[in-house]
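The first chain written gets the first letter, and so on, giving A, B, C, D, E, F, G and H; residue counts start at 1 in each chain.
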């Protein structure tokens, strides 16, 4: 139901063509479908400008598949699935067209989207090679929604010339996503090199006193560089989604 | 020193008009001035598109004043001072033109900037009245850099109709800054209502198990809404700076 | 042993019909039975108005079975088992009549209780689909003790219209149980919509900086809404038990 | 605006006596008043069955006074102020009739409420004498809303006979509020003695590894007794408000 | 080497019968044997009045066996092994006489010690049945060193009459070991009932906000009862060892 | 009321000389006196073998004084006051005979106790000079109850010869109290040198990552030496009380 | 590319023999090779005086092997691999000459380095036997880079004579690495015995309130001995690398 | 007492010229003096190659003065006092020659040491101006013991060119001390630029989620650069002392 439909319903109430009770029922029941275990939110496409995404963790392969099918049946051309287990991938791919990236555990069901002119440029940088799965979750998400993505992997601050060699790439980005575990210093260094928003993604990469990503998280929250904000540990999707949102403003 | 100057120096080296040594010295010494206790970074204006800002906490009134004076002497028209103590305000205002907002502890030295056409619209919302000082730090910062700001204060989720009454204002924002202490739920609720970036600012407002803002911080990092990122506890400046950056893309 | 029996014993002492020593022995030994590894508390049924419940986690299937049998032998009609492993379910169900719900790991041994007029209405709401196992633990517990339960699942704050569509259901509840992980904002939003007690149950659903449910827990403890109290992370039983207690006042 | 008024407005829309636009404006603007720094929520009285309460901490004496005056002007007979500083007390009491309790920092402006038949019985127990200020905040809040309160102070578990001497008082309570710092064991012990809801209030009383109340908080959240729920550290108001809510069901 | 031998060596030095260098070598090399991966401390028997104990966790079955053999070869009659895996038990018991308790994972190699007149009385109490493995570690340790132990299991504070029924047993103890998880209140309640030392052992029993035993640990450290001290989470051995030490003073 | 009196009451009930009701009233009301803000526990002297102690922190000077006076009036010869402020000291000493130690903030009201043959020997050792106030709280407490105390101050492990020089003193102790902040290693080192119980007291001495004593607390809880148990941070009283209890067994 | 090569390139630019653009390209592309998933840093050998090391955790056996091969192909004689899984060991050793130590999970590919005159003396001490794997990681690392290492294992503070017996070895060390879990006191005691740098390595050895090594970490950070610094929990490589660096100054 | 004296005493025992008892007494009593509240450690000068230092925090001005006087009387030429309050400075300077630096709170009593050829070069770098007090504590300590120190202040990573401009200074250092608060990234960046040991000092500079320096501490412990070790938060003295120790190897 888009905004126009809603206004038309309200008009009918004002004109006496529909009772308030009926209008309420219509408005309430239309926008999402109740699968029993999940309410699929068809509103969001309109409200947030982006189709529903399925968070695959903690859902059975059957649940993932049935949500995807319901969404495709309601007119979505493609559906993004994050943290999709290999099991779910096998199960769904036997029933539906499905792209799957094992590293990031991203699945895309339905037609793969194509954008003739993808927007701007998002640079996604990682401190090390172990941060790549999270970075790819961000990259594939941003590409799914129509952004250009440039990957700069393994450019961490302990060999900082690797980062500086790519200063030009950073300088022309509209948004940078900085993905790093351990001490998470990448976000601050990048933040000091660019004049665009930097989205910092702490990862759980490391051991000992990194406490599952807390060291990088705190480091990034306390960044002395301006223009840096932070998402949850390992939340590549959130970073990619937000980066695309900013990139397409 | 702007980019053009830099290229001209490098050209001279290539043409043999300047030795590499001299060029290095020139590049190194130009961009910032060493006051002994602080290196003022005249580069940043160019590099990050925004003038230097002084973080006033932990600096004496004399230090604040002398940094401001040096910056104005180098051509800045106005300087933003955050967390400026009342003492520093009194001291500086006796020596320089200074705007000061007691609530947010923001000072602006030099000419107050005027923008003929301030950019877009940033909505800054708070959960309660005690969050206002942090929100004002964000608001004055964003305005300083040329953004329109709409303030929606005291619209926390325990009386959620106050927030929904302003749904239109939210819907037309380019960026929203959500400032909240206690349980910090405002960010998630706002995040679910809009399709633009939401910058969440946890505040230290509350008591007991809020642990100086940690409860709101964790809540915001774990937001189930997409498009939300987080800055440090009470970091109104960071949020306002980033909001302006996004708003002006 | 009910209160009347106790008074009768004390009377006998006063009348000299029983020595103090014998009375003490009788009072001490009667109320519970010692199985060696567990003291079954037959007192509690009277004292707390609810039969003994078995916490299944960390008990072997044989222990669970033998405690249930002892309780049924002492006159309990039915026994509630929480966090019952599938193993224990198989083992016990081969020996006793047993209802088992795999999602919530709730088992009910003996006759299933039936209430002609279940009391009031408890609404149990969850933020997402992953919170449902905890919610079902609460729902089945409350129903076991004789309460009506209305389930509102997947109504989290990032798509808040899903919650508002059910405002009428909330408005007529005598108690609401709000079950949510991640940022746990559901409790505050619900707390602002109703004028009855809200029992908040943080869940360990989420990842990264949710720290196994701590983010939701802190969020709920710091709720800015009045009438909200909190139980332990994932403690669906505790919430359902308390909700029934309030519902039946 | 009470529910009846609201329905009458909606009726007018249905009958064409009022445009939807005008109705929206009326509904939106009526329910609260914007003082600039605070939106007073006149809705809540109806919605939650309890008048607005002012959280005094972090508000200036002038702000407190002006909010109180606005509320009294809108028809409230009396207003509860929590965490009211002595300063605010002096300032407000010079301008308005005001009851003030120094220990709990509770103020009641306007007429003191009188209830002909206060409801049920709430028992408020503390572990030690240092917990009394928090307990009094709970007690005065519950009395303000019309509940009978019985105080059992200094009955902590290290001298547990003091608690057992009052077993009768506990047995006849409809709700118990257990207020304790240090190890917070009072809640569990009381929880095992009664069959009514127990609201546990951890206090910041103690030192060292109590971490400002965290030890008592964790202890209470992990209570092995059924029927116990927890509010924030030192949150006497929350406990008293909820206790009254349950007591008056 | 006992104290007498040591004095005799020192005497020889004073009398010129042995050079200082030789004496040093003798003293240094005698007291323990170096197995390469472990220095067995034969000194401790004398110094601390108790034979060496092997902490089995993190050692291979071969390492455990070879340490035990070396100790028996040096004259120990029996050796206590804590946290002994079932694997190690099987392996060692094929090579040596070995008593093994599966619940507590305690092994005793060599002759089982017998004491004609075991000392005093240690009461070991647990809050629930899940705390029993830790309690048995304490009990078997104390018995190994010659103490009488009385077990009071499953007497937690949520059904406090179970504890009070055993007040006489508590009153005649020389030391009490209170073993409890969850809220750990048992230590405080027991501490208030007796006038002998109480050793509190927090256990990791529980879930959610118990944080692997931290809730019980903090509770016990903050006990309002006098005479209570605390050992590490799940450290049954430490408690049993110390209880015996006090019991035998 | 001592044990004999209690038995006499129960006898009377058995003989019909007193009704159960009257007996209950007598038992309940006798043992402590209710000052309104504190229930003084006259039972404890008998039950725990030690007179009541007043925890002075958080009590006004008037409260402290009135509790002391009530206790002396009930027959206590002397009363121990811990964490007594200088203010309270001045106030009480004008009204009562009072010994006061400024360093440890220990006050002793009434006659100073004298013991003809103080028991055994408690060694109280500190890591540094800043730990002395806590150590003195322990020492004066133990002396108050009749123990001999030997003070070994400033013998921390960074200059470990200072400790070893006193090995003889340690070897003849019946109990050792090890008081240390920072890394708290003293407890482990001492624990390895003696064969008597070691009570470890972490102090809040230090800065940075000591987190108000947490570093020493964790260090002591994880001590690799046997026979070590721990009390709360800065809890000198608790250590001294327990040390005396063990010393006098 | 070594420093001389770099200067030669810059010379060419100054002399007009190479354009700035070409020079930039050359400098950028030379120093490391991009394997797609990892940028191997050939610079570091020169810059830090030590060849590249591969952190094996979180890399597949194929990735480890291909990085090693690339490094050997670029002229490294030998490559150090830390945290190498047994799987990776088997896989790589089938393709390349490889030394592997199972305990420490250290692998050395290529020729084993031999030093005619290894530098100075590093003493590596552990508190217990369970700390040995971390210590061996440090020892093998330091030896790989050319240092002499003396191992003193199982010399923890609970039997401190074992440490003092080796005082001479400690006294002649140029650097000491102190490896300990549990309470981590070893670092402080060693720190007080020597006048050379002490590198403290907390290990995750222990249980309960050691929190995966946090107790030892805090203990070491708060060491009262001078000359002590700390690396991450279980970071044997870091300690060995740094020890060698200091040893070879 | 130096090593030679000690050997001479031991010789006398071997030759029968002195009894063991007398020797023990002599050795024990000589090396330090007992001021009652502090044992001054005259041994350490020999043992650790550096004179005693006084940690001024938590000591009264009289205590500081009397310790200094005792040390000077025993032959120290100069004494270093850290964290010396202004009060203590005034008090001591009236009685003794004293150098005092207000920023770092370092005092040096007695003759100021002069070194004809100070050793090597220590670079001390800070992230911001607020870190300077801690850096100066390190610098003055290192200079006191005879090291050359080069200060590079305010070269934090958000404007990283300031750091790179000083690459030559870093490249020639024998040790670098990196002092930073907030995200503490300076240590990693510096660690990647140099091939000498880097001592990282986290500072408590910052706010919100820096938790008094924890963010920088964790960041530094998790540094991805090799050769970095860490001291306690704000521990400038420890870093300076260790830097000098390494510098003078």
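One rule holds for everything that comes next: a residue touches a chain if its C-beta (ideal position, glycine included) is under 8 Å from a C-beta of that chain, and two chains touch if they have at least 3 such contacts.
For clarity, every value in this text was computed on a predicted model and none was experimentally measured.
The minimum number of touch steps separating chain C from chain H is 2. Chains making contact with chain D as well as with chain E: C, F. Each chain's centre was taken as the mean of its CA atoms, and the one lying most distant from chain G is D. Among the remaining chains, the Cα-based centre furthest from that of chain C is the centre of H. Chain geometry summary: the mean Cα position of chain E and that of chain H are 42 Å apart. As a whole-number value, the distance joining the C-alpha centres of chain D and chain F reads 38 Å. Chain centres here are Cα means. That of chain F falls 49 Å from that of chain G. Contact of a single residue of chain D with at least two other chains is seen at positions 159, 193, 208-210, 214, 217, 221-222, 226, 232-233. Across the complex, chain B meets chain H through its residues 28, 31-32, 37-39, 41, 43-44, 57-59, 63, 202, 204, 212-214, 217, 232-235. Interface of chain B with chain C (complex): residues 127-128, 156-160, 181-185, 187-189, 191-193, 206, 208-211, 214-216, 218-226.
On the side of chain B, the complex with chain A involves touching residues 47-50, 53, 174, 193-197, 199, 217, 221-222, 226-233, 238-239, 241-242, 245-246, 249.
Those residues of chain F whose C-beta lies close enough to touch chain H in the complex are 129-130, 132, 153-155, 159, 161-162, 165, 205, 207-210.
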